[in-house]
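One structure coming up, written as structure tokens, with questions to follow.
Chain naming follows the written order as A, B, C, D, E and F, and within any one chain the residues start at number 1.
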Amino acid sequence: MAQATSQRSKEYAIEEFIVRSEPYYRVVGDELELFTAAYNQHIPVLLKGPTGCGKTRFVEYMAWKLGRPMTVVKGGKGKKKDEDDEVRVPLVTIACHEDLTASDLVGRYLLDANGTRWIDGPMTRAVKAGAILYLDEVVEARKDTTVLIHPLTDHRRILPVEKLGTVIEADDRFLLCISYNPGYQSALKDLKHSTRQRFISIEFYYPPRDIEAEIIARESGCSAETADSLAKLGEKIRNLEDHGLQEGASTRLLIYAARLISEGIEPRRACQVAIVWTLTDEVELQRSLEEVVSSIFE
Amino acid sequence: MAQATSQRSKEYAIEEFIVRSEPYYRVVGDELELFTAAYNQHIPVLLKGPTGCGKTRFVEYMAWKLGRPMTVVKGGKGKKKDEDDEVRVPLVTIACHEDLTASDLVGRYLLDANGTRWIDGPMTRAVKAGAILYLDEVVEARKDTTVLIHPLTDHRRILPVEKLGTVIEADDRFLLCISYNPGYQSALKDLKHSTRQRFISIEFYYPPRDIEAEIIARESGCSAETADSLAKLGEKIRNLEDHGLQEGASTRLLIYAARLISEGIEPRRACQVAIVWTLTDEVELQRSLEEVVSSIFE
Amino acid sequence: MAQATSQRSKEYAIEEFIVRSEPYYRVVGDELELFTAAYNQHIPVLLKGPTGCGKTRFVEYMAWKLGRPMTVVKGGKGKKKDEDDEVRVPLVTIACHEDLTASDLVGRYLLDANGTRWIDGPMTRAVKAGAILYLDEVVEARKDTTVLIHPLTDHRRILPVEKLGTVIEADDRFLLCISYNPGYQSALKDLKHSTRQRFISIEFYYPPRDIEAEIIARESGCSAETADSLAKLGEKIRNLEDHGLQEGASTRLLIYAARLISEGIEPRRACQVAIVWTLTDEVELQRSLEEVVSSIFE
Amino acid sequence: MAQATSQRSKEYAIEEFIVRSEPYYRVVGDELELFTAAYNQHIPVLLKGPTGCGKTRFVEYMAWKLGRPMTVVKGGKGKKKDEDDEVRVPLVTIACHEDLTASDLVGRYLLDANGTRWIDGPMTRAVKAGAILYLDEVVEARKDTTVLIHPLTDHRRILPVEKLGTVIEADDRFLLCISYNPGYQSALKDLKHSTRQRFISIEFYYPPRDIEAEIIARESGCSAETADSLAKLGEKIRNLEDHGLQEGASTRLLIYAARLISEGIEPRRACQVAIVWTLTDEVELQRSLEEVVSSIFE
Amino acid sequence: MAQATSQRSKEYAIEEFIVRSEPYYRVVGDELELFTAAYNQHIPVLLKGPTGCGKTRFVEYMAWKLGRPMTVVKGGKGKKKDEDDEVRVPLVTIACHEDLTASDLVGRYLLDANGTRWIDGPMTRAVKAGAILYLDEVVEARKDTTVLIHPLTDHRRILPVEKLGTVIEADDRFLLCISYNPGYQSALKDLKHSTRQRFISIEFYYPPRDIEAEIIARESGCSAETADSLAKLGEKIRNLEDHGLQEGASTRLLIYAARLISEGIEPRRACQVAIVWTLTDEVELQRSLEEVVSSIFE
Amino acid sequence: MAQATSQRSKEYAIEEFIVRSEPYYRVVGDELELFTAAYNQHIPVLLKGPTGCGKTRFVEYMAWKLGRPMTVVKGGKGKKKDEDDEVRVPLVTIACHEDLTASDLVGRYLLDANGTRWIDGPMTRAVKAGAILYLDEVVEARKDTTVLIHPLTDHRRILPVEKLGTVIEADDRFLLCISYNPGYQSALKDLKHSTRQRFISIEFYYPPRDIEAEIIARESGCSAETADSLAKLGEKIRNLEDHGLQEGASTRLLIYAARLISEGIEPRRACQVAIVWTLTDEVELQRSLEEVVSSIFE
């Protein structure tokens, strides 16, 4: 059982969440060069792409990659020395949604024994710590969140903290990165041009079949043959998108199927629960998908 | 009277709600194997199915089933030793609705004699205690709740607690399980693909007639004959679903009828109040249902 | 004057609101047997019926009726010994509406000299005290209220108190009872099946004419003849419901008319202010109703 | 100048607002007898009628009229002895609107040097003090306000105070009275039948011309001739209601015109600013109204 | 430069904002007589008219004008003696909007070292101080604000302070004045008749050309010729209102143009930035307006 | 790397944010003269123009430009002496959005060891400090924010602080400046005339091609040739606006492309990520834009 070497729950300060070991990320094109150039030039980055194609993993990889040697203040409270005397770039990730307020991001006053005390929010912590601040699914955010990032994304690189009456200039290492799924784009929930035109944009899609098979095998520990079949399945299902399927199967779902197979579940049943039933509730569509599964796993 | 051996109200800490005695759950297919494989692989599980078909009972059963031997810290505050030195997996159930905030789930600051004090919410408790966290009727949840589960359901398995400025890594035993009734699915209240594609999905339906009769008899103490008749009634009513009935009779309603009969209520009257009047307010439809009842309980 | 023996305002703890003297309730069918069977079996009860037909009075009557001999802890704080050493079932009534929050029902933290203090809400008090909890007009409730009752209405019989991080098991005597007027049923405000299918349902309607006359006479002290005429009027007006009248005259309005007549108001004038002007603002409809009145009280 | 005998601002406890001197109210029909009968029988009263026809004045008059001899506790804190040893019925008036919460009416906790302290709201004060509670324009109220009055208006006569966990039985002298303008009635803002059928209803309209002239003369101190002309003007304008005028001129506006005339403003100019420009912004309609004015004040 | 004699920021208590020196107001008709008559008779006043036509200035002028000799309490805390021993009428102005709550106007509890403390809001201060309370753009107000003024505007002249549980009788000098732009009138945002019929109404419009030229010259210090040309321009533009222009140029904009011309800006350019570009964003309409400008400033 | 001379995060009081060194701003027309004339005359300024055309930079430049010699109070707390004994005009910028409350702008009470303490908001600080207050994208603001600026923008120049019960007269150097993008103008989100007619308006557009090339070269350090090509590209793309493109490429995006090129990214790829993918998600439109790019960077 995976739980044999049981690991207990741990808690970190949000800006101490540093990617310490190299995450598995399979480079597909020139995305590394583009992100690095933007980082050097202080240009904010927008990642576009469908569900589960690897955007979050890419940002984690870049946070690890951009680590470089720096002088470290010894014994600093709340700062830890890295093994090889390098300081990694902290990564602060925020999943955006309609109910996330500016206070949740910037900070708020709390009541203390001696009166009110100010607590920096994750955005303020990222700005001060020089982190990569990753706003996932930014179109889901409320207007106040979207507008908060404006002064951080032009030449000013400042965060006004209205409740404190102060303005914070960002640390030189700070970079804002946001993600967005154009498939969900609607009249109501689109990124305004006054926001969009503050970013360069890198488009992502599912990896090509051979690379996706490589990823599936690596992430699930399944056989090369199973991985190939699942990558083929993913490709076929994505071609069905015009036939009523709202969105294709993500690489993540193909990995889930592979891992169920590794646990001894029969391949067609594994594909049914990991892919078919997850993608749709409609019986007709489920049948079409199961035919595709059967054509591959006879 | 059932109340003869009167039991008084008790209060537990939410993460100490452990299913200690085997709950009655009648296995229908390979649902045990699928859930166990997902649990071992840290893959979150989505249960789909109609009202009252046994999804909640299944999760309770799995929480009981997945208990296994572990070293227990003796005398630990708020931790109790199990009879047979095994630690059961705690089950934290949350019924989702539109007014449940992220604070209700993650935690909030309370004012104390010495200022503010942080209280973990049920989701934070589940993540720390390594519980099965069961979000019932997840489509009813607000966006902020739905988004909260994203970092818990991918390779990161973390819960960011923005109000504390911390990030919590889940205990190794933690698993997220959600449920959902596809019959209610509408354009407005559907699970987004960026959420769906983080789960494998197990579909449930009412049990076949002979198994349902077995369940009715077991849960109500009624005669086998009554149980058979009620299971037959359930089957017939579900076939009426296309004729204007919004949803079929759940197994629970059949058990209610059986229990009223055990209390001496005449079977046709018991079916009327437990099933017919509960399923619909429309007179025409009530008449059709009563004809079905009369054809079985002459 | 009724006010001669003036009674001053009194204040009770909500769970000490016990129906001590037998309320006047005129039994019409087998509603007593059905409610008692459900109570014994821990099956929640839904009462359906139009405005003012006696649902609230029935629940009060059942709370009185279900009182039975029990051992009473002497000198217990906040518990009072009944005259005949019996403990009545407390009745906690909550009129549901859109702005009633889960906190209003379950409880909230209040600030004290020593910090925050938790105050149980009426639902928590009812669950602990083993009361009949009566949610009047439940379709008016917000989603969070409706969902709160789910774990109380299945085999678990628990109330999760998320703000305390606890789970309360209901006292054995606890029963949930809800009411609902199908006449108001609309697409927007209907009871979801996942809620409905947790109850047996008892349908109520206005009593038959002779019983209604009996009730009017008893409640107003008017003559048998006046009571007969008013019951006849009620019956006639209810038949007009298809001719533009939104809802028929309730028994309560007939009693109001009878009581105005007892105070010396001329019968046709009493019917006009108690019934005609109350039922509608439309002049045409008022004229039709007044014709019906004149045909009875010439 | 009216301000010559300048009167400074005064502040009263809301339940000490007692109508001490007889207010000017011109009785039109049997409204006194109806209200008194309802008061004696504890039947709540609904007053229907257009803007400014005298509903508020009538309730003030009834509060004064229903005063009667009672034993008064001497030296009682917050209670004042009336000149002639009679205790008047206090009048608590609440203008309803969409943002009035249940807490505004029932009460709330306030923070004190020693923690939280409960403050009774005006409704609770009225219930305890045995006042006439007058809810003006009740259809404007939110659902929670409307539902609050249900247990106060049936045989229970109780006010549940959920935030205290208590139930208050009303003082014997307490009566609820509400008002409502059927002219504003719309699908969205109508009184539900479950609320309506808890009241008897008295319909009001503008007084007949001779009585209205009497009222105008009395309230403005103008000449009988001017009063007659203005009453005639009011009558004529109300007949225009079908020709595009949303609502007729209230008695109040006619009195305003009379008072401007008393201050030396030319009658036609006085009618223009008090009546024509107040009733409508549309130029066409203003011209029609001015023609009516000119036909009377040549 | 205007800033040469630099004046620093000052802060006053809201009810001490008294118009001490005669404001420049050019009387057009009998508005002084009407307002004075209404003030003497305690009749509330509604000012109707387009943007920037002088309503606010008129109220300031009346507040100054209605000052009259009174006995002043010497050394009174928070009360200042006027130079000539006269007490001016304080002017409390409130710009209405959708988010202004009843608490913002009436007052609220604040937390102090010794617990909560009540702070009167501007409306309460005006009622107590006997001020003219001017509610600017009253149709923008929320329902609760609109309803708050009802008991202040009939014979009662009271302000119920529900949060204190008190009722305040207005000082004899108190008068309510509201303003409103009928041009914005819409189905959603109209003044209800139950509110309207509590006021007399004075209609305002832009002043006639010769008077407007006088005002422009006086307010900007420009030449009589420039002032004449701008007044002519204003008149011509207002005649364009039917040709797609939402609203004509206010006197204020004409003064802005005159002041830019005084600063050396070329007249046609001054009219473009002060008038044309301010009135509309549509290129076609801007061209039409510029032609009008060119026809006057060749 | 740009980060070599790493700069750490700094925090300022909002009214101490003074533009100390001359910002790069390329004057295009008479905008300096217009703004200076308006500043001298206390006339508020509205800047109209598309995304990223330089409005924010212009206001910063004017704040720097309008600095002039003044007597400085030495050793004043929170006030710093400028190098050349001049006091610059502070610049307070607020990005408007739907969730920015009046309290966020004006100030709020905070709880302290000694009770509540008032904290001035950024608008109050700007009014007191004599700053230029720049409200960016003012149409996004809520009604209460928009109305707050009314008394600051007419002859009164006051800020009523309702929660304190005070009125603040603005420092003589204070000026309000707002911006607005007419391209976003819609029925729902337009500036009301009662607000618009309080400003003169200066219209901005992208600079002409030769000036834009100058700006690109200066801001990115790229070659004159690259800058010329990008300016040409910007011009061509803006002409596509009628062919389905919602908004043209801002000068900012052209600078981003130039900076990526400086980092070694191939020009066509740099234009793709900085301009094409940022401007649109539609494949057809992306192709058209890429053809324009290819026609310039062959």
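The criterion applied here is as follows: a contact is a pair of C-beta atoms (placed from the backbone, for glycine too) under 8 Å apart; a residue touches a chain by one contact, two chains touch by 3 or more.
None of these values were measured; they are calculated from a predicted model.
Asks: Using the touch definition from the top, how many steps at minimum link chain C to chain F?
Replies: Each step joins two touching chains, and the minimum needed here is 3.
Asks: Identify the chains adjacent to both chain A and chain B in the sense defined at the top.
Replies: Output, common partners of chain A and chain B: nil, no chain qualifies.
Asks: Of all the other chains, whose mean CA position lies farthest from chain F?
Replies: Comparing chain centres, C lies farthest from chain F.
Asks: Relative to chain E, which chain's C-alpha centre is the most remote?
Replies: B
Asks: Given that chain B is a copy of chain C, what angle of rotation, in degrees and a multiple of 5, matches their CA positions?
Replies: 60
Asks: Could you check if the interface between copies chain E and chain F is built from the same residues on both sides, meaning over half shared, or from different ones?
Replies: Under half shared, hence different.
Asks: Can you work out the whole-Å distance between the CA centroids of chain D and chain E?
Replies: 31
Asks: Can you check how far apart chain A and chain C are, centre to centre, with Cα atoms defining each centre and the answer in Å?
Replies: Using C-alpha averages as centres, the distance is 53 Å.
Asks: Would you mind listing the residues of chain D that make contact with two or more other chains?
Replies: Touching at least two other chains: 111, 114.
Asks: Could you classify the connectivity of these chains, where an edge means two chains touch, as line, ring, star, complete or other?
Replies: Drawn as a graph, the chains make one closed cycle, so a ring.
Asks: Once the touching pairs are worked out, the chains link into a ring; list them from chain D, going toward chain E first.
Replies: Loop order (chain D start, chain E next): D, E, F, A, B, C.
Asks: Chain E touches which residues of chain D in the complex?
Replies: Going by the criterion above, the answer is residues 1-3, 5-15, 17, 51-52, 56-57, 93-100, 104-105, 108, 110-114, 117, 119-122, 125, 136-137, 140, 181, 184, 246-247, 249-250, 252-253, 256, 259-260, 262-265, 269, 273-274, 277-279, 281.
Asks: Under the stated contact criterion, what part of chain A meets chain F in this complex?
Replies: Listed in rising order, the residues of chain A that touch chain F are 30, 33-34, 36-38, 40-43, 46, 48, 70, 101-102, 109, 111, 114-116, 127-130, 142-144, 146-148, 150-151, 154-156, 160, 162-163, 165-174, 182, 185, 192-194, 196-203.
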